[in-house]
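The structures considered in this document are given below.
What follows is chain A paired twice: with chain B in the first complex and chain C in the second.
This part shows the complex of A and B:
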């Protein structure tokens, strides 16, 4: 052990002579650590020249491409290249590549798009991609919806399930104030504004449950509920609860419930009123994309 | 305790330190005539002819498919080989072909050594071709050795330039023929000549020109010695009964001059037939000495057999001092036993069996494969949809493939769930309750299929559904399976 730690032992052997070729025929660097010497094998010349060439090339980069950050800007480079400009070029190319089909989509009625297998598959593909980017955050990746955000696969439509109705909803949104043609229709806040008291709300909720055949609480006064319903709700939701798509009043007699079908959820809706908001897309998406979206949603299965 | 110096640990301390890499020795193979040379010429001609001509052979597949016999159509994702058309999902046929190729290689090796290396390998074939051109322009072994040793004159330069020009032309033609397998050959030739081919085509040709020129012209045996894995594998796979190009040392040793051998022979002494004329080494394309026994460098092309036979004929000794033989037989002859040949051994039987089994399986698959397929994918999200009347609906993406070159109409039906409603988005027409789907020639078509069922289904397990398509004309069927799921079956 002490031999290993005694550093000069290598020197003692006298073999650290840089000029003396070692067994390999190559001289050493003259260093010796614990008798271990380092052969003097310089980098190959071709490697060095490649390395120098790379340095020169890199300097060229500074001048040609954006390179050096400045205080409030950066050096732009002779080529004026920008990754954002590159994306714009790519997107324009993509648009040009699709233009043949998109002009056809623009020129064709929604119903005729769905009758033409080629247009249908293109519109569904484009609609599916646009849906994933723009609609999925609220309606879900599979358009399955969430509480307050309608499931677009089913056949229950608040604002109409024909392809044209869907396109209108996409274009102008729902309760979207910036768009004058938006779908509008707001349910009053019966509880919060004091139109109905809590007991009345519970009574009418029982009646609403009974409209679609759901079980009601024991001893519920359905007759009183019916009277309250006729006075407060029937104007929009209809006498039998069939709803009214003109003003976005949901059908209360079917099995699909946007906010849940238990009594507490229904009471909450009567208390608060209001309704969900969807943005208008006509300023953000082009006509062909919106049409494709309408076809996609309409052909998910629930379209009328 | 004292630690020994590092040199005393080194078992090779007293040996000279050899360089790790051997400098290449230029090989000047001499021309030779004989049986094996003739076989090699024939194989060279046939294989090159196949390679260069095959893309131009036509094969009529009707109006909706290309008429090139052998074509790999990348943009349309199809591969054609005469009467066979392969879709991307059938690429397992390629796996089968690779297994067959490997097994055929092993079988060849078990029977007669490196037949592949010596006669069939593209490296051998193109190197042979390049050597023939070299010989035609620069002369045979001796002439070239003298010229290379002499001064570099204008004449030498001109000859070399001519040789490399021809090499590059062949290399370019080789690369050019390769790309013809990937597009309609006559059209592509015209495009390439008028500089209207794609960049991919030109770059592929350039790359293959470079590799052909480098491999067959410049690197030659270096590829076999250093780049190719097969010599290593081959050495591990061979056995004592495999025929190999063998120097029959039982007959050849002791080597001596013709004169000395004649004297000893007349004195009744034992004499070897090898006169150490080095002809076997001179003709060898990889520069090995076959008399050292089987080596990694020997590609077993048999040219040394031809060279040696020539010499044996001249000195009036029997031919085949070098021959396809085994070491077992040499040992047997030395102990006075007759030769044995065992082409049928456990390993050759095994290889032949695997070849027959894989080949048979592939042929069976090919003959019985369905001309149409149907695949079904259940919507993952949502798994089911509750409709306003309480019924449950499942949605499926169905893809129907028509693998024939004519448009076909299929009758679509879903079996397995009684009293369910089947809707197809974009189906052509229904008549008498049947759904008709038309799929274009050699195409697929995707459909969205909706299945709606009553809400009072209390089954706890998903119901198996069978999506069936039946060819409206010939009645052939294809079936895809999936499940119908309800709130009870989703946990």
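This part shows the complex of A and C:
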């Protein structure tokens, strides 16, 4: 209020001559809202020229890159640049960059890769990267595994722990029906399909516990369990429970348990049967990557 | 510049005419709508008529009824808020996720699930990357298999029976939108759900004729009924698997 009344040339009524300098020395735009007026300061030069430059740049873009849709096509631009052509170039560059090592990996036997320090170090690096993206979600970032997903650090192997075995498992998966060479071998559902009743399952579970020296319930009938085991389990898991890697039948006489070592967990597995599933990777990964993965997993600590 | 804005002396210029928009909000609103429409028309409409928008590829089929039911759950649970289904043609993305996404791969998606944000990874090619059991464990509690995961748990999916009572209506609507669902497909929707989810051998052949290369599986479910998790897993397991990139010609579709 004070300012308005003291301002020169009657700004208060909003009909001031816009060209006349207000207190600031700058003219107004002539806009007036409830007596509040708008100074007509010019835009900063640096801003204005940057703005014009952007417009020119944008017009340049129209001519240089694909831009304007037409009736049956679109303007392709002077450079002829295409994102899908660019990715081909990028991937080819990447392949060329790696080919020095990957062709050697492809041409070398797994055992020889591990003997050659240069190849081993490359394979382990490539394997480690591929493992993090593709394998860690099931087997864990440290390959430590989870319930139902094997630990790859230990020396207990369901389908074989030689590098070649590991490579076969990676290529074709486990019980992966879309791959005709997949590792197969399914444990019957002894409980669900009524092959054994609940009491028999409990009895044989006690015997399985005893195979690896785990504590057994008091009064467990191990003799009856042994008979049931011999009739139902020994064909795959072996008389002493040593397992059979040809069929993916785990070793029952060691201390490594995929689904848990308590009686309830063992009874659940006997009841449901089946087995874990691993995808086949041969459609997703190239030969060198799969070999590197096999070397990486084999050299984690438990490789045979 | 100052004189072009003035109203003094009865001078008229382009700038003074612009005052019509500045002083009347309804004109300003209409003006904005017109300008935005032009932008939209120029950017979007050509995609409908330019033949090069959608690549010619083999193998892309409409979703099976079970997969479609899974897709509805995917949308319902808002999976698209954290997962994209769009692998861009950039080296790091192709390295991590596989071949970049093609327009043809989502041509039957209404609405598409490209997403725009990756709190979780892209899942355009998650199909066949993990086992069904892994998806089951992971949906129940992601931390059980990925300790550092921040994805919420969806434990109700595997205990909720799948509602397929309106799946044929969904297909009918999609057919109107241009998805090639035939009358036969729509009529056999309910039985196809069971065929795919329970792997009923006697019905598998005609089912696979309708939906080539679809994967049938013994889903188990709850008390003999398929669950929402079964449908969602069927949907996830086909993502990005329909085009065989060993046969696909990249060069033919550079544009």
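Going forward, the second predicted complex is superposed on the first by the 228 of 304 C-alpha atoms of A that agree within 3 Å, B and C clash if a C-alpha of one lies under 4 Å from a C-alpha of the other, contacts with A are read in each partner's own complex, and residues count from 1 in each chain.
Here, a contact is a pair of C-beta atoms (placed from the backbone, for glycine too) under 8 Å apart; a residue touches a chain by one contact, two chains touch by 3 or more.
Note that the coordinates shown come from a computational prediction; the quantities given were computed from them, not determined experimentally.
Participant: After lining up the shared chain so the two structures overlap, which partner does A:186 touch, if you call chain B first and chain C second: first, second, both or neither?
Facilitator: Touch partners of A:186: none, neither chain B nor chain C.
Participant: For A:240, decide between first (touching chain B), second (touching chain C), both and neither.
Facilitator: neither
Participant: Contacts for A:64 in the overlay, against chain B (first) and chain C (second): which applies, first, second, both or neither?
Facilitator: So A:64 meets neither chain B nor chain C here.
Participant: Go through the superposed model and pick first if A:121 touches only chain B, second if only chain C, both, or neither.
Facilitator: In the superposed model, A:121 contacts chain B only, not chain C.
Participant: Which chain makes contact with more of the residues of chain A, chain B or else chain C?
Facilitator: Higher number of touched chain A residues: C.
Participant: Considering only the contact definition stated at the top, list the common interface residues of chain A for chain B and chain C.
Facilitator: 140-141
Participant: Spell out the residues on chain C that touch chain A in their complex, using ranges where they run on.
Facilitator: By the definition above, chain C touches chain A via 1-2, 5-8, 42, 45-46, 50-52, 89-91, 94-96, 98, 100, 128-134, 137-138, 144-148, 215, 246, 250-251, 253-255.
Participant: Using the touch definition from the top, list the residues of chain B that touch chain A in their complex.
Facilitator: 2-3, 5-6, 17, 379-382, 385-390, 393, 395, 423, 425-426, 445-446, 448, 450, 455
Participant: Enumerate the contact residues on chain A facing chain B in the complex.
Facilitator: Against chain B, chain A makes touches at 3-4, 13, 23-25, 35-36, 114-115, 117, 120-121, 124, 140-142, 144, 151, 153-156, 251, 254-256, 299-302.
Participant: In their shared complex, at which residues does chain A touch chain C?
Facilitator: Result: residues 17-19, 27, 29-30, 40, 42, 68-69, 72-74, 82-88, 90-91, 94, 133-134, 136-138, 140-141, 146-149, 176-178, 276-279, 283-284 of chain A touch chain C.
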